[in-house]
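Structures for review follow.
Each of the two complexes below includes chain A, the first together with chain B, the second together with chain C.
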Partner chain A sequence: MYAKTCLIFTVNKLTVSKGLRFRRSPRWKVSWLFVFVALACLPFADLSISTYDPWAELGRLFGGLLQPSLVAIEKPFEALLQTLAFAILGVSSGSLIGFGLAQLFHLRLVRIVCASVRAIHELFWALIFLQIFGLHPLTGLLALGLPYAATFAKVYAEILEEGDRRAYDTIRQSAGPTSAFFYARLPDLWQHFVTYTGYRLECGLRSSAVLGFVGLPTLGYYLSTAFLEGAYAEVWALLILFYLVIASLRYWLRPKLLPLYILIAPFIIANDSEISVDNISRFFTQDIVPLPLRNSEGLSGLWQWFTELFLTEALPGIINTLLLTQIALVLTGLIALIWFPLISRLFFERFGRLLGHLFLVIMRSTPEYILAFILLTLWGPSMLPAVIALALHNGAIIAHLMGRYSNTLSLRVDATAGMNRYAYEVVPRIYNQFLAFLFYRWEIIQRETAILGILGITTLGFYIDSAIQDIRLDRAMVLIAITAALNVCIDSLSHYIRSKLRLSIGSQQISAESRR
Partner chain B sequence: MTTLLRRLGISLLISLSLISVSTSVFSAPKTLVFSAIPDQNQSQLVQRFGKVADYLTKTLGVPVKYVPVNSYAAAITAFRNNQVQLAWFGGLSGVRARLLVPDSEAIAQGFEDTQFETYFIAHHSTGLKPSDNFPESIAGKSFTFGSKGSTSGRLMPEFYIREHLGKAPDEAFNLVGFSGNHSRTIALVQSGAYQVGATNYKVWEKELAAGKIDTDKVSVIWKTPTYPDYQWTVRGDVDSVWGDGFKARIKQALLDMKDPALLDAFPRSAFVSASNDDYQPILDTAKEIGLID
Partner chain C sequence: MLHLVSANASYEDSIALTDITLHIPVGQKLALIGRSGAGKSTLLKLLYDQRPTDIALVPQDYGLVTSLSLFHNVYMGQLGRHPLWYNLLNLIKPLKKPVGEVQSILSVVQLSDKLFEPIGQLSGGQQQRAAIARAIMQNGDILFADEPVSSLDEQQSNLVMKVLCQRFETLVLAMHDIDLALKYCDRIVGLDNGRITIDEPTGSLVRKDLLDIYGE
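And now, the complex of A and B:
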């Protein structure tokens, strides 16, 4: 009896002191720092609700859900095939190039180039290549392939770095580097590459669909049209079609079938536009040359042009991008913390988890653009729809990862239940991973603010879209470069914080999914 | 596994080369490609403009194809890159395209385009009433344009806003948006998402006739003075590709288009002759408010 009381006492004491230690821990401080930064951002962000009568429009929106229809869309299945073909070709060429670059990733130059290429959203790549290649399929292929190659290079390099080198070192004594690599390294890490590449293909499908918003013949093309027209029956039909493809991915996307798909894909995306060398050279020698230089106004003219552009467009764009990112980041964390129990076996029975899975799949497969569009109708134009859309989408992704991770935990048989289990048993154990996931997505959230700019929220993306619409590519390129630099900064800051706090993601499977 | 990798690599290489081969094979017959700016509802666009393509194919005796685009900039870029040789542009997009493609020419405009107008529309909750003078009380409200590159939905309304309120739109209004197209502008003001908006009068009339507008919720409060708008623009090098006099034949085919089913795609009652000079006022206005350098 005495021994038992004593044991309880020590356990309590342990918990208490652990709690105190946690409170003083750097992770605790950093979390609050980010919360305070977000709170400090709030007064500067326009979060007003301005709609007068959203219910009629919303009624039509959800009325469309009751009777989805593809009748009014001219070629829905062709658009679906285009989406698949661009995704498969873009991701697989990106993966192959990325694999090659991963071998050179120890070179500083390669790392810098990859980071800058990655920092530019696919949509902007598409806008750039549209200027060079027009409607030629190469536009979509490069817009997907280039940023994906850069991401593949980084993650493949990380996988190689984390892998076991002993077999390689042994074989290397009597074999060349190439055969040693193929016999001793690749077999060992193959599964990691396959898992990550498969996961990226799902992202590629989403990206490919979204590229339609800037004019590629994928699902997004028809989605944006249907949205602009308020043809919600078509919107839902297209979205459901897209969810079905994502949900059935594991049934038709087999490594063995991939070569077949890759061979068919070019016939689907081929069209009869031609590449013109004149257009390419014109792009580099005229279009992107700043106007004052084209008019030979010299350096002072250039400086004046740049400062004007910076003060009237870049600076407000940067401020809004950062405000939006920081608020959305913290809200993403909050949503992830609330939602992850939905799919965790520590909290819900099988049936409940099934519903939770369904909910999270829908939230994370719906492109932010569409969430933001719906919320924009509901609340009117302000930063609020963007914040919520980013937080819902990214929160669902992190909740999914956290839920999966929490399933690997084993609690004591007599562990508490309900809120106590949540607050004292589970969250402290996965807080490390939670922060790691969140910091990984920090830069991604910032990159995604770009697409919301095209919707009219005045982030840098808004000004880039305006410059493109005005066919002022010189301005667009400067703004894109500024956006990329900002993303690289956030990426390295996130890297710094992660290594400082020694945040790691844990199991390989989950780590693959958290990197995008 | 390595064989799989090799197979993947090989099929990728084959497929990439197929793209270049297949595209060059398909482009053998010389097809005249035309496009149109996406200024209003785009459903059945291919079908609607497909009929126009059929008409032009028959009249001109060469294959004519319509390519849909989903932004004003994409239409201009396709024209500039010679992926489109003939385009139905708005006033501003036409001026931009012709600046970028020397020798290109405005050849025909809609009958209505000689005297085009922009309607300022307002949600009923603003209490704004129709007037002949510019409604200065719209200052401080929320306002939506159409597309960023539109003449009737952006250029002209912005010009009159600057002229009468003496400020740039984002200073004159509490909030400024770009709806994307004219139909969307009407829908957004009707729902109250924005209090005031500017839209193309032809689109307003078409949607009003189709019963899509609830005039208890949204109404026209001001009409701008008239200005020249939409036109057909053709590249200068079509004669060298399809033979001398081809440009004149395109023009004649457009002027001869009398079938209401075809004209309804635009929607115009007829096409009349036009020239680059007709659009000088648009260019001047665009330069004045800084939309063209």
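And now, the complex of A and C:
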């Protein structure tokens, strides 16, 4: 009898104390975990400024903004046309191939191949294809088209997955799968495909511009030349033209005009370089075959070669890539949290929001590679320019998505204003989406971190680029494969955390933009 | 204290309220009754806009932040009265004094065992009482509530109505439970199709007549 009362008493006490003890949410704990990891990374990261007078150079850069040179408009215009042509051709071919692959996405093999292709950044693909095709337009097309096709395949497959299948299932037997698909599935999903593809074209423009940094005749090529010559007025002319093109995208990029653009684009990117069959066969039969195998040193030689490569280049590259990624990720989140109110109607009136939009458009339209390039030239090679560039660009993207999401919230009429509103009403409501966006971008930030190595920061890209400069393509290929594997790991870790925290992204429109 | 003279309100394509004249003196407990779509919520909004700073509000959708705890949601009624640093600190680590204050209000609406539960894990009726607790936390003299007891059972409805009458000097409640309106309010205003069709002290009204016109 006594024992029974006791039991009831303890049970009661347990249920009562459950609601009476303040418990922090898992998302709170995970957020701090990431902050502490980033802080722990700081001492190991080189964040110094090594140039003699970085601020004076920055001053001269912004001085150039006051007098953008229109004298040299000819070059920027040509660069812009090239950038557009590569982007349109690369993205549309990627979209077509991706659409086909999406139908086969239930096959494990297709998924694995797509994930691996996606995990290698466009710039690395460009470096590879430069070895095979030289400066032939095919290099740029494949460098863009291949990773874009893999991403399109994944997202298109997700869109197909989420769509309503009932009409399709009803008529499939009588109409056959193809007709049934075009009649019962595509019409419903068409708008989602168009929205996502249009958004990707904007990404494609950025990618295409950046391909210039490895030698293609797009914006990046002229930008880096102008920058290294100190022709800041020209730099600004190029950048402003680029912003104008992106800002006006919705006026000239009409589905109806797309076939016309696709017809014209090949004539713009055509040049007189030729594909050398010898080059191609040498690439596959000699260049990328590991040196010990070429010298027939056997498996032990191969192992020794690999361990040496791994310990001296891959490992330091991996460590630096991870350090930089974690620091940039947390800074990205911080910036997004600070910036999103700029475009939210919960905090600013129309005019203020307009300025906020302008600011965020500029920050997210400037490719992180270009930002990093500029900051690196000003401050010297360390992780600092890379961290800042990644955080500014990605922070602006997430701030844009969060700001838009916050505009869908409806607060009660007596909700407080200012910081109280920010802390009590808004951030708690959108924090799940915020974390989801941030974890989506985790893998993207890491892919970009690796790439920034080409600029001289000792992440994996640095070692890949050096190996290619030394024409040791066998080493470069192994390092690229390691980079891809690392990206796949982070992608699945991010997926795991998202599903553990049950983080999901709101509306279809916003989720389309957050995928990349 | 609150006055409307020949007020109209309309949404984009339809007229919501026509020719509303209403004077509400201090200390009155007023119930707005009417079928759904009669214009009760619109009238509440019109009246609210007259003195938004003095009025504690319980909106129909409660306006709670589902990912925050019950404690924080109730505390929100007092945000304006504390400095920002205090509010932020309390958000991260609940402070003793506000916890005590919130707890005492929660015990009145029978929610004290849920103090730190996230709102999203509470039932509809519990959320409704949470919104009422937040309004009480505002510590004002006037309460505006849109269907404050729609998700509560009879016992809880009576409890909440009693508490509201005690805590607030002036009440303006949109309701469709006519029995509760007659029991706790001293004035009934009936709306039909955007017009005031009845405006009488409770004593002079007969339940059955009201039910015929305004009952659901």
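General observations
By our rule, the second predicted complex is superposed on the first by the 476 of 516 C-alpha atoms of A that agree within 3 Å, B and C clash if a C-alpha of one lies under 4 Å from a C-alpha of the other, contacts with A are read in each partner's own complex, and residues count from 1 in each chain.
We take it that a contact is a pair of C-beta atoms (placed from the backbone, for glycine too) under 8 Å apart; a residue touches a chain by one contact, two chains touch by 3 or more.
Keep in mind that this is a model prediction, so the values were computed, not measured.
In the superposed model, more residues of chain A are touched by B than by the other of chain B and chain C. Once the two complexes are overlaid on the shared chain, A:25 sits against chain C while remaining clear of chain B. With both structures placed on the common chain, the touch criterion links A:420 to chain C but leaves chain B unconnected. Of the two partner chains placed by the overlay, only chain B lies in contact with A:93; chain C stays clear of it.
Contacts of A:412 after superposition on the shared chain: chain C is touched, whereas chain B is not.
When both complexes are overlaid on chain A, the residue A:341 reaches neither chain B nor chain C.
Look at A:64: by the touch rule set out above, it reaches neither chain B nor chain C. Applying the stated contact rule after C-alpha superposition, one finds that A:429 touches chain C and leaves chain B untouched. Counting contacts as defined above, no chain A residue meets chain B in one complex and chain C in the other.
Considering their complex, residues 1-2, 4-5, 7-12, 14-16, 18-19, 22-24, 26-27, 31, 38, 41-47, 67, 69-74, 76-78, 80-83, 96, 100, 123, 125, 142, 147-149, 175, 177-178, 180-181, 183-184, 187, 191-195, 217, 291-293 of chain B touch chain A.
The touching residues of chain C, when paired with chain A in their complex, are 45, 48, 52, 55-57, 59, 61, 63, 65-72, 76, 79-80, 84, 87-88, 91, 93-94, 113-118.
Considering their complex, residues 50-54, 56-57, 72-75, 89, 92-93, 96, 130-131, 134-138, 141, 182, 186-187, 190, 213-215, 221, 224-225, 228-231, 255-256, 258-260, 262-263, 265-267, 269-274, 276, 279, 291, 376-377, 380-382, 456, 465-466, 468-472 of chain A touch chain B.
Per the touch definition, chain A reaches chain C in the complex via residues 15-16, 19-23, 25, 411-416, 418-420, 423-425, 428-429, 431-432.
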